[in-house]
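Given below, in the form of structure tokens, are the structures.
Two complexes, one shared chain (chain A), two partners (chain B, chain C).
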Partner chain A sequence: MDFVIAGLIMGGLYALIAQGFVLTFLTTRTLNFALGEFLVLGAVIGMGVGSWGWLPDAGKVAFVILTVGILGAIVYRFLVLPFTTEGPHDARWLLSTVGLSFVILNLLTNSQGATPKALGYGGFGEFSTVLGVRVTTQALVIAILAIAITALLVLMTTRTPLGLLMRAVSEDADTAALMGVSPRRIGMLAYAIAMGIAALAGVLWASQVGVSVHMGLPLLVAAFACGVIGGLTSLWGPLLGGAIYGVLTHWASFELGGVWGETAGLLLVVVVLIFRPEGLLGRRLEAKL
Partner chain B sequence: MGRTPLRAFTAFAAVCALSVAGCGGSDDDNAGSGGSGASSNGELSATVGVIGPKTGPAPQFYETNTVGAQLAAADAEKQYGVKIKLVNADDQGTPEGASRAVQEQLNGGNVDALLASPQSGQALQTADVLQRSRIPWFINAQSPQIINYKIKPNWAFRTAYNSSELSDVLGPFVFSGNAKVGLVHSADGFGQSEAEALQATAKKQGKTLAAVEPLQPGASDYTAAVRRLKQAGVTRVYMSITSGSDTATVTKAMVQEDFEPDFKITNATILADFGELARPAQWKNLVFIDPRDLVDGAAKSLNADFKAKTGKEPPLPTNVYTSYMAINAYAQAVKAAGSTDKAAVRDALEKLPSIDVRGDKIANPFTADSHDAYHAATPKDWFIFGFDDKGEITKRGTVAEEIESGS
Partner chain C sequence: MTSLLKRLAGGTGSRSVKAELRGDVLFALVIGVVGLIAILPGRDGAGTAMADMQLVGSIFAVIIAAIGLNLLTGYAKLVSLGQGAFYAIGAYGFAYLFLDGGFPALLAILVALILSGIIGALLALGSMRLRGPQFSMITLVLAIVVERILEQLETFGRASGYPNPLSHGTGLLEPIELFGTRLEPPLLAGTPGNVLVALLIVLVIVLVLYRNLVRSSWGRSLRAIGESEHLAAHLGVNVFSRKVVVFTVASVLGGLGGIFYVQIFAHLQPETFDIFLSITIVLSVILGGGGTVLGPVIGAALITWLQRSDVLTSVADAQQDLFGTDRWYLSTPGLLGLLFVITLFLLPNGIVGTANNALRRWAGADDESDADAALADLEVAQLPPREERREPGAELLRIDGASKRFGGLQAVGEMELAVREASIHAVIGPNGAGKSTLANLLTGVYQPDEGSFRLDGVELAQLKAHAIARSGVARTFQTPQVFPHETTLENVKAGFVDVAQLPLWKAALKPPSQYRREREIHDRAIELLDRVGLAEDASTLAGSLSYGKQRALEIARAMAMDPRLIVLDEPAAGLNPTECDGLAALLLQLREDGMAMILVEHHMDLVGQVADEVTCMDQGRLLAHGSAEEVLADPAVVAAYLGVPDPDDVAEMEVAR
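The block that comes next holds the complex of A and B.
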């Protein structure tokens, strides 16, 4: 039971970050492989505004989400969109986002140093007990937020005019454009929301483990795995993927040893890619020829 | 040995070109000073290359090594009349970068000695070349394998303790009192090297480790491994972890899982980041051992000077100390040899009565048989430290005293 609860809670963190992948993939068919660095950027900016005593902690977190969200939109406009113009098989955006991750990582390492620093706010206390299992309150809050944000995103995409536009672009960007919808703006908005969510995860997680320029990569790998397992075309996918990945890695770490934890999770990704490449909740995408 | 203007310009242009290309290069720390050897007024001068990861994932090693060497060079000029010029190079924190930086220093750096590289992986990559280059080579990385004692003459001089020495001192303490010992180690060169050394010590003492758990650097969660330690009945844990932030992750998981060993033992790597990231419950029963008196010794003054120079506490204080030791030893050897003649300096190093770190004396650091400065250390020479309620370091005494007290 311990590993199930602990795995589900950690899976919540991965799921929250994985929403960053799903949102951008749903609307633009692109993934931002610098997502881990945006998460770090959120934590670093969060640390920067930590000294703003006039702003309550919630305001600081909101500022971080907004700032990183705007950066996300700019990145889509100038570093992703221009590299998708050659049709569905144009994958230059993959290189540009990977390149961007290295640029951000180097800039942050050289400007902030490599040693982790305490964030100093945004914490929700020490430990809580869930069904008799002790977990960190911070991770629990993040897991609850992951569920709440997923529900909000589902509501937004299914019940609001904006969501209708997003779904239209997701279904067929060319046709949506003929109907007067701007896929570029929808893409920028999706990137803004996705990177804002990554920044939120970065600030909240950094509050527990400290701000480190290297905190992004391990979380990126786990989040990507959750996205693939759950399905990159389903907003519920990351939650399912996070739950499965979290429980499996905890079970394997406990039963087989630490070496096998992440390995088991990544092996599952391979299995899913073989038998259900669209993910457990995803749907197969049809490419127009 | 003075540089001609053309040569100086060429060197400057090369450095600029390398810097612009973003592929490392060298920085003269003391531009304008003369070459090496004895000047007309009898003053001795030498050039020492300092190689470390200026860029890459762990620039704190570069910074601490560089500043430690700078502090030692400034002191050495006053103490011994030896003017040391430092020439820095970036190994980019990679084995390939280390190879390139070493080749640059050996081929064109005009250096009399080298201090390289502070990380075991990079030092191991370049060890063979450096040991055969017939140049005094100082290292402050911990992997025992870096120095190959079969290569004669031996040009490598280590100013940090190595993992085997650590385990020799640690063993009697860790395995005292019939403790069931568990080992947590980073899954990297440093952690694995210490883990192997402790396992060898356990074998020598006829003991076994109840559990061995690896830790991926930067791991988000370590609760599953802590549950395994608990299940194995571990009562004492040794943590060979590369960074204090990872130690914080492990100790947090211990608190979360309500796992309270009688001692959580580690080494001075905990000084990097742990204090800032951990909460009081995490440093309960937490101790670390080190051969330097980090509370009352010279480390305090070095840390203060580091802060004055950089505006912050040293992220790796023991690296400042060991790079200081290297330059101090070299300056003394140059003075004893009366020149920068490499063979004469090497011989002088082997006869050095002590390394002097602002009053801390490391006696007979190098001999013909051992080039490891802490080769003669025993539990009575090493200190054991803990943390007070505010997370400040406290000195508990020597390791020998701790064992005698019945831990």
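The block that comes next holds the complex of A and C.
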């Protein structure tokens, strides 16, 4: 039973990061393969502003979210959008964001070194008990935040005028453009929110495990897995995917040993992609003739 | 000299079988000689040449993996981020079988290749319904799983590598022995790394086979899939199975690259096979030029050299001096990432692709053929009659009770239609009458809910699009679908049945019969272009043709299939009156030759001019059938087009007045 609770709590972190994939995929049909590095970037910037005594901790976190969010919008405008112009089969954006991830990762490795450093703020105490299982309070807070942010995003997309525009662009960007909506601006906004969420996850997680340039890739993989399992076209998808992936990987590494945790999770991704490529909650995207 | 280059660039100069053979032999020789020069400095095992020989060997290995990826990513446009995984599977598979399994070397190589192929095929079977990011993800997932397993599995020595002194008593694999010769790796000063000779021979053979493959009709099918799977299916290509096969071939080549790697370094470290390896292979293909024969070869050489030479290190040092910081600078992985992004911006077609385009522009600059000849004033050339004589007027196609529902909408209901040999059957009807749906049902875009489609007695109703195309039904599309980045001539060549049916081994080995067949295809394609008035445009890129010419090109491509029936979906849409007359003349001529056609059309003049029979549809159903005069005079047809006043509405209007 322990692994279920622990898995669900970790799944919350994965789900939060996976929102970074879902938001951009929903609106622009693209993913930022450098998402893991944006997360690290959030943690590193968070460490950089750690010494600003005049700013309360919440302000520091907000500053990080804003900065990384703006960077996300810039990346969409200059590294993603120019590489989506040749129709639905155009996948050059995938390569440009992969290239970007190596640039960011390398820059951060050279400047920060490989050893983890303490963030120094943003922590929420030691341990909490959930249904008789001890978990770190930090992970619990992140999991609750993942649920809250998902609910907020769903409310935003269904209840606000901005959400309506986002859904319109998601449905059919060309037609939305004819109606006077700028898919470019909506896309930049989606990237800004998505990368802001990634940065938030980066800061909160780093405050528990320390700031390390290598924390990006494993989290990217996990988030990716959750996104695919839950469905990249559903805002609720990451929570479901995170829960399944979290529990499965915890169970597998518990029962079969460390290597098999992640491997089992990734094999599940392959199975889902094969039998339900749109994910458990996703919508099938019909190709138009 | 100029004319030679132009012929190479334009590709329309008719090459005889002999010239083609000479070109192929020359390719093998040039590759062989370049490779030989590259490995020459290591011939006496001088210690100073060892690093260079390892570099050359690595380049050979990456070239093999990169040409495999090029088939997949460059030609079929399926971006794989997992080629490094197959490289690892080949390398570790061979090493494990050879050392722990005790297999003879050649058997170990064979089994490792088969293993790569099987894993590739399984992954392909699952993932081939996917395209775009989902496909890339699944390959990325594979790369990560493989990396994790290599890092953490005790069998492979984890961070100590494989083999390692602790568990095997040695850190190096024994060299393999072939015909009594030990093939030494270029590792120890004084021992010539003669394995490079063996690798070079294999490399040349593989490159020749690969070049044959991509230049054959098989290669054309990959480019067709890359452009549009939908269109490829209508050319008769079984898209799913072809994608599975190409992914398997790419995986085997990835595995072979890994086997090359082991022969050179005799030791494996898991960190060599991380995700970055996969990315450098993709970068090699993109930078060199995806979808070109030599692109990945040049790209692989360049990237591998960059990674192993001091160039990037000195760039990193220069940055530190320039910015006066030893923290914020880019070293090798970051610089390669940057190079990747810059390549996408500045050289989207890669080095070879860009050079080819420049050459083509230069060659085409001075032979501006004066333009809009196609269809407008075409001289109808006589084609040799088909081998099998058809009896004109005999029934070829019969559609009975065809129905198709989309949700609540009955798009086609209980339609019937018959097409006779050597005749033109026009299908008319107002917008939304279901004409195009009927054409799509017949050609397998949709499966009918009910009804039979019999072509000369053979039932087509439940067949897939590619099977219907192979049964002899060719089609054109409402919006012309051509391969815009290929020459007009190549577009027609994509129509021949070989594209769907040439076996892989024949395409790669290129036996003499294949030389003759390519020649036949070439001559026949030129004939067909001449026939539709595009002879002058043979070397023009199809994307730069006018709309009317693209339609003519589609018809030529449909004819290349040597079909029994051509379905023309609104061929006159967007044509000017002169072009339309040309089209009519062409269709009549095709009928003379014994071709049966279904003409879905709005253009009543054209219908009146060419149709032997006319069927009018309205709201998915048969409204009228007969000769053109009869149908066009039918009051029900006129009403369907123009509408009849509803008596109630008339009454209302009168009341209002």
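Operating definition for what follows: the second predicted complex is superposed on the first by the 288 of 289 C-alpha atoms of A that agree within 3 Å, B and C clash if a C-alpha of one lies under 4 Å from a C-alpha of the other, contacts with A are read in each partner's own complex, and residues count from 1 in each chain.
Keep this in mind: a residue touches a chain if its C-beta (ideal position, glycine included) is under 8 Å from a C-beta of that chain, and two chains touch if they have at least 3 such contacts.
From a predicted model like this one, the values you see are computed outputs, not experimental measurements.
Contact with neither chain B nor chain C is seen for A:S128 once the two complexes are overlaid on the shared chain.
When the shared chain is aligned, chain B comes close enough to touch A:A114, but chain C does not. Using the contact criterion defined above for the overlaid structures, shared-chain residue A:A6 touches chain B, although it does not reach chain C.
When the two complexes are overlaid on their common chain A, residue A:F83 makes contact with chain C while staying clear of chain B.
In the superposed pair of complexes, A:T137 makes contact with neither chain B nor chain C. By the touch criterion defined above, A:S182 lies against neither chain B nor chain C after alignment on the C-alpha atoms of chain A. By the document's definition of touching, of the two partners only chain C reaches A:T263; chain B does not. Contacts of A:N106 after superposition on the shared chain: both chain B and chain C are touched. The interface of chain A with chain B overlaps its interface with chain C at residues 106, 110, 217, 258-259, 262.
Residues 25, 30-31, 79, 82-83, 88-89, 91-92, 94-96, 98-103, 105-107, 110-111, 217, 221, 224-225, 228, 258-259, 262-263, 266-267, 269-270, 273-274, 277, 287, 289 of chain A touch chain C in their complex.
By the touch criterion given at the top, residues 55-60, 187, 213-216, 218-225, 227-228, 243, 245, 248-249, 252, 255-258, 272-273, 276-277, 279, 281, 315 of chain B touch chain A in their complex. The touching residues of chain C, when paired with chain A in their complex, are 77, 79, 81, 123, 126-127, 129-134, 136-138, 140-142, 144-145, 148-149, 152-153, 230, 275-276, 279, 282-283, 286, 327-341, 344-345, 348, 445.
Of all residues in chain A, only 2-3, 6, 10, 13, 106, 109-110, 113-118, 126-127, 134-136, 139, 205, 209-210, 212, 214-215, 217-219, 222, 250, 253-254, 257-259, 261-262 touch chain B in the complex they form.
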